[in-house]
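Here subunit A shows up in two complexes: once beside subunit B, once beside subunit C.
Our next item is the complex of A and B:
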């Protein structure tokens, strides 16, 4: 077992700071909180597995406790790793359905219009609620009949060879199945600044599998991805994702929770905003923005983005656009945490956690909300009615594509 | 990436300095590895509660001249310290933090053990008086909450009795706290405060206390209100026909967390960039011995350049200095740490005695620029609890040193860029 999961808890000086920042503790008294579930509990669990408390499942794995801890304790890693090591319950059908984002996506695709229709019908939602404990108040993100991969192959792949350098694009399940537009925006951005895009033979990053207790499957995906990334990195390609949770999981949860060694590729796994900012900052790339694009944007920093510490890149990039006015929202969890909020037993907590964020958005009434995480997007859209876009989509829209191509020797097919 | 000033640390000192600079149009980045000492605040800022030899101080500024020349206040000088002190109250008010104080004299804060402690300024909801006999002869009702273990009414009552304040201790049972009480988690101040923040809940508390009141002049309650907004404390006070005093509990400090959030928001509102949960490391040095850029654990390869750097990493607790078997060191820049070479003199035997190691810190020149191997690093300032020359725990000077050094450094940075501009 890694050092992370075993002895790390001893760094805790019992200062209680983390308990002040756990969003679940504020709304669900059945959760023991980061200090007790994490370092305090670990001490006991190591003595006897009897001390494992199933209420650890209420942890969102949002990492806010870790971000606040003055002693650098990896509290949430300790909690997740305890779930992995001690929880014997086999996941039920509901958890399997929610966990297998890629499998479900592939199964649903040929029937996309039908599936979307069916899961949005009241009676079906009621049945899912009663039979599977999937909250009926939830709106399901729509599956698309043509996934990103297919769009890329037909529309973009043919001319990617003409670029002098390339990135490997980790598209993630939501780009593939629900939001191909994010992937398209990414390719247009890269191509405009003269960089070609290659797809990876990727598997789901595994975040939903981990959240739902399918540890073995998650670990298999992690090993597969690390292997695929190694090949890309060996060919000189950075691995660029558009979802902050995918990037965070593959960089930090692979070694920290799944104990899959990613040291050889970790530094090459990045996020579109970080990658692009560094290109601009080093003078390799120039962005030219449209004069007629004005937008008041409220930026929600997803928890895992907060943990990555990379929101500064998104903020700096968006502020380069002269007519974007950006307001960074207060640091709050949206309450969705991947598949957490889909579960009936979590739904009320999920909404209560997100309330301060929803209220702030409503009071600002921005043109659009921006964030790097798709499950935050679903939660905020459903709870506020505001449109939420990935920064990549906003940038692609705000950019004067023609002028940017001209400045960087780029090319984008109309 | 380039900023005018990069501040390392997210505590009181860094925040004050960052807000002042950012409001003057400097582009600032603040890097904070974790939360800070404000989370343990008593609710009051100390300037100089007693001299290093333990003599109590009532007029702190007058006492400065008796401090060692290496003390941060002596480096700033009394006159400037007084002008910073005058500026402090309006400054905090502009961040949404009204403070109580008694001008150039120390006030007295009522502690959880019923004693009075000298302090400079106090948050609005803290019992703070111009003398330690303010409560003499009064009768108090001390109220706690069923199941709450971080507040000790009997101890408070004993302490008050010694001052001639008679009191009665009661505990109220609030149904809104049942789930927390029965749950697997701990019942801590902040957890309770989050629940009591809701109107129906604090009103229930106010009603229960009103019903229990039996002619007492004072009602003393643990500080488990006002996490979001201290207005709640005022509303409760309005419900109860007696003087209501909120007394600090065991950590975390509800008012300290609120103040930390307000300062952080003020910095961000002014346009500053705040990196929470990230650690500054691996500085790169220019040939002339100044800091060229710094890295952080999260941001990776590209260095962050700046004209000036402010290092406010706290004391041992904040990890701004580290101890090893053979000495103390600065983990980031390797600046000189002023400490006793002989290990035996690091600690005093008695637990309650002034501990020499608490007075160790980073050595600086008169302008608080750090010393490395005895030479001044021209663009690297050191602020707050990290500074050598004072034992703030012993003197009760923590916040004073944090605020004064931050203001002095901000003024120095602004002056310096003005000169360059000329």
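Our next item is the complex of A and C:
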């Protein structure tokens, strides 16, 4: 029986190791755990929809169960797919607001300073807490007046044709609306090593839509993205993302949960760190680091990065910088899981799950924390007070841009 | 010595579905009733079949009388045994190898027997049941379903007891007390304690299926049974939610039945010697045949894990004075031995099918009542079994468990409305799971141990589905054994029972031990032999 068999849940031999790795089970007794919610529950659900268990919503979809499974059972896919097939609760306003990351971003952008101010006011948070079940302890990431797309078009787009080869950049919602600096850092890195960047006519990868039960919308986005990627791939461009969750979703959740075929583009969807490492490793690209950049960095491996198995690339890249002192944090879920931690009913679990990670960071007291996922960033920043940066941002900062340009025939506009 | 043996109006020998149904019917008609079974209930053919709730369509062409009985009982069971029945409907599929003309003959025969048979477009059949072979050229929809034979048998026992019947399992009849031309009672041994027992009964009913041959011989009469073995395979999950049949003359492996969390393909049909009935095994040739034919109905079976293999013996009866067995009937055989052999107080009820057990019980009880000169009408066709009361399940969902957990839902599926009367969290940990695959809780296990004549883990499996899931006892054996030992206040029992249960499960796995099934069995062996030290040969 292959891993892709439609009956892969039967590969479960009840060793129960997934249960030990589930971050939710230890903090929320209402969640039946990956084995029962996944392969065990599936047999009952196949009998009748009546056996669908609404507590499946407590699954973070962190995929740690799948990483731990010695039998190749796609446990979290089974759980998410069950939610898709059987949960007919209509998503409420709160879930829609949290899910539609791109729509909300576009709506908020023209009024960004006002929106940021208003949603951070205590009384407003209180109202959102009471009326919408959005946890008042949370602070929304700040929207920017000028999104990455606009910055790219004015500052970088005009000279991208000068490069002999290109990548297609999947920027993702958080780069577009909240953290354009990650996108800028990516473009600077690529340009410095002599690679041009093209933007895609992308839609949100859909991860937040899936988490909030907007399956149809997620499927539409997936189909759109796969189509756009095919065009890029046909033109010889790899699709490079900076958010590990976007990359993971588009590679694995499209076929595994949404049943959208991405076979023709899957291998071309990659992450900035993996792409860059492979360029360096194959000798096509040289990185020259600043002598005056010293930083003690704590690297948190996001759950989806664990699932992708790609954290090795980030570690290797960061360690190339001679004055970076890198500490890889113990493998723990931060508890945020996208929009999960924003919800009032999940907030205490979200904090309890992340506690070991927060405590380790505090005890290490690094200069900066580094991770590839924006929602881990929000959680860690809010819960520890430490700054969290995408590795791309750190690399762009640590790099001697001029020397790197010279070594690769690159060019970066000042 | 003064004879102090308890006296009953009727003693029923055999705790299969026929005996259980007869005990219920007799008790409901007010007879002082005793049921004696040498093993556990539902151990013979009752627990070793497809669990198909026949619409009768399968017999429509070849055996119209049986077909008509089936559809009548089908409609009754859907009412009185709701919690044992899954009203899935069924398809009769014509494959390219089959003659499409047979479909016309089939539909006509169904109509003649009063069975609704609707020819549907093959495309519609594929849509309604995605597992069907896409190559089908014809499809007919009939009111087939599935029925859980263990649950049905147990429900009849429960209701018989609620109506005052006494039930003794693990009690073997060793002698019938015959005085002159009358059977007056039975002598038996309690197999667990070794105690010798004696019961007086005004009428003795032989409801032992294929083993009725032996009981009849104890009375000095002959009931010629012709054992026909049928082998079946259980798959680890449901691939179909509609019963799939081949639209052709009944043959090997042409029915795939979804039953609870699994599905079952069968059967074969081969004469076996009477002596073999207690020691059946499934051969590699039978496994190949079942898989090969099964895949023709539902190709996905090729990629589906086979959980276990088992075989049962149909209690076929030869017509009187037909030692060759050529005229074997699958209809109900109810023999008044007074009329046939001049032996008073002895009745044999056999033949028939799981599907027609209630009618068999009614006929047998009618005969008992005539002998006792009691004129009481049968009510089993209209009185729901415990758990299947009208609106009962809905009431539990409304009043007791408005937001049921998965375990509570699973229990509702098994026990019907009786689930609501289970002690809620009788003690701390009552909602903990014993069996994870089938979602059986500690409180469900404890209730079964207390009320349902459970003496071994295998008995417990028949009442609750403990150990019937994909792990085949890997996780639940030790937990269930602990509950059993606790109930019996005998710690040593935990070890012997866990071991016996794992061995029993393994016997059913052996014929299909490959792939994931073998992998899981090996893991189980490692846990029980190496970690728990239950392998005495180590």
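What to note about this one:
By our rule, the second predicted complex is superposed on the first by the 408 of 414 C-alpha atoms of A that agree within 3 Å, B and C clash if a C-alpha of one lies under 4 Å from a C-alpha of the other, contacts with A are read in each partner's own complex, and residues count from 1 in each chain.
Here is the rule we use: a residue touches a chain if its C-beta (ideal position, glycine included) is under 8 Å from a C-beta of that chain, and two chains touch if they have at least 3 such contacts.
In this text the structure is predicted, and so the values were computed from the model without any measurement.
Touch criterion met: A:35 reaches subunit B and subunit C at once. Within the superposed three-chain model, A:365 lies out of touch with both subunit B and subunit C [touch as defined at top].
Of the two partner chains placed by the overlay, neither subunit B nor subunit C lies in contact with A:154. When the two structures are aligned on the shared chain, A:310 is found in touch with subunit B, with no touch to subunit C.
By the touch criterion defined above, A:15 reaches both subunit B and subunit C. In the superposed model, A:53 makes contact with both subunit B and subunit C. When the two structures are aligned on the shared chain, A:44 is found in touch with subunit C, with no touch to subunit B. Subunit A is touched at more residues by one of its partners, and among subunit B and subunit C that partner is B. With the contact threshold set out at the top, residues 15-16, 32, 35-36, 53, 55, 71 of subunit A are in contact with subunit B in one structure and with subunit C in the other.
Residues 1, 5-7, 9-16, 32, 35-36, 39-44, 46-48, 50-51, 53-55, 71 of subunit A are the ones that touch subunit C when the two sit in their complex. Residues 15-17, 19-21, 25-26, 29-33, 35-36, 53, 55, 66-72, 267, 278, 281-282, 306-310, 312, 315-316, 328, 330-331 of subunit A touch subunit B in their complex. Those residues of subunit C that touch subunit A in the shared complex are 236-238, 241, 258, 260-261, 300, 303-305, 403, 405-406, 409-410, 413, 436-437, 439, 469-471, 474-475, 515-516, 519-520, 523. For subunit B in complex with subunit A, the residues that touch the partner chain are 1, 29, 33-36, 39-40, 179-180, 182-186, 188, 190-191, 194, 251-252, 257, 265, 268, 273, 275-279, 296-302, 317-319.
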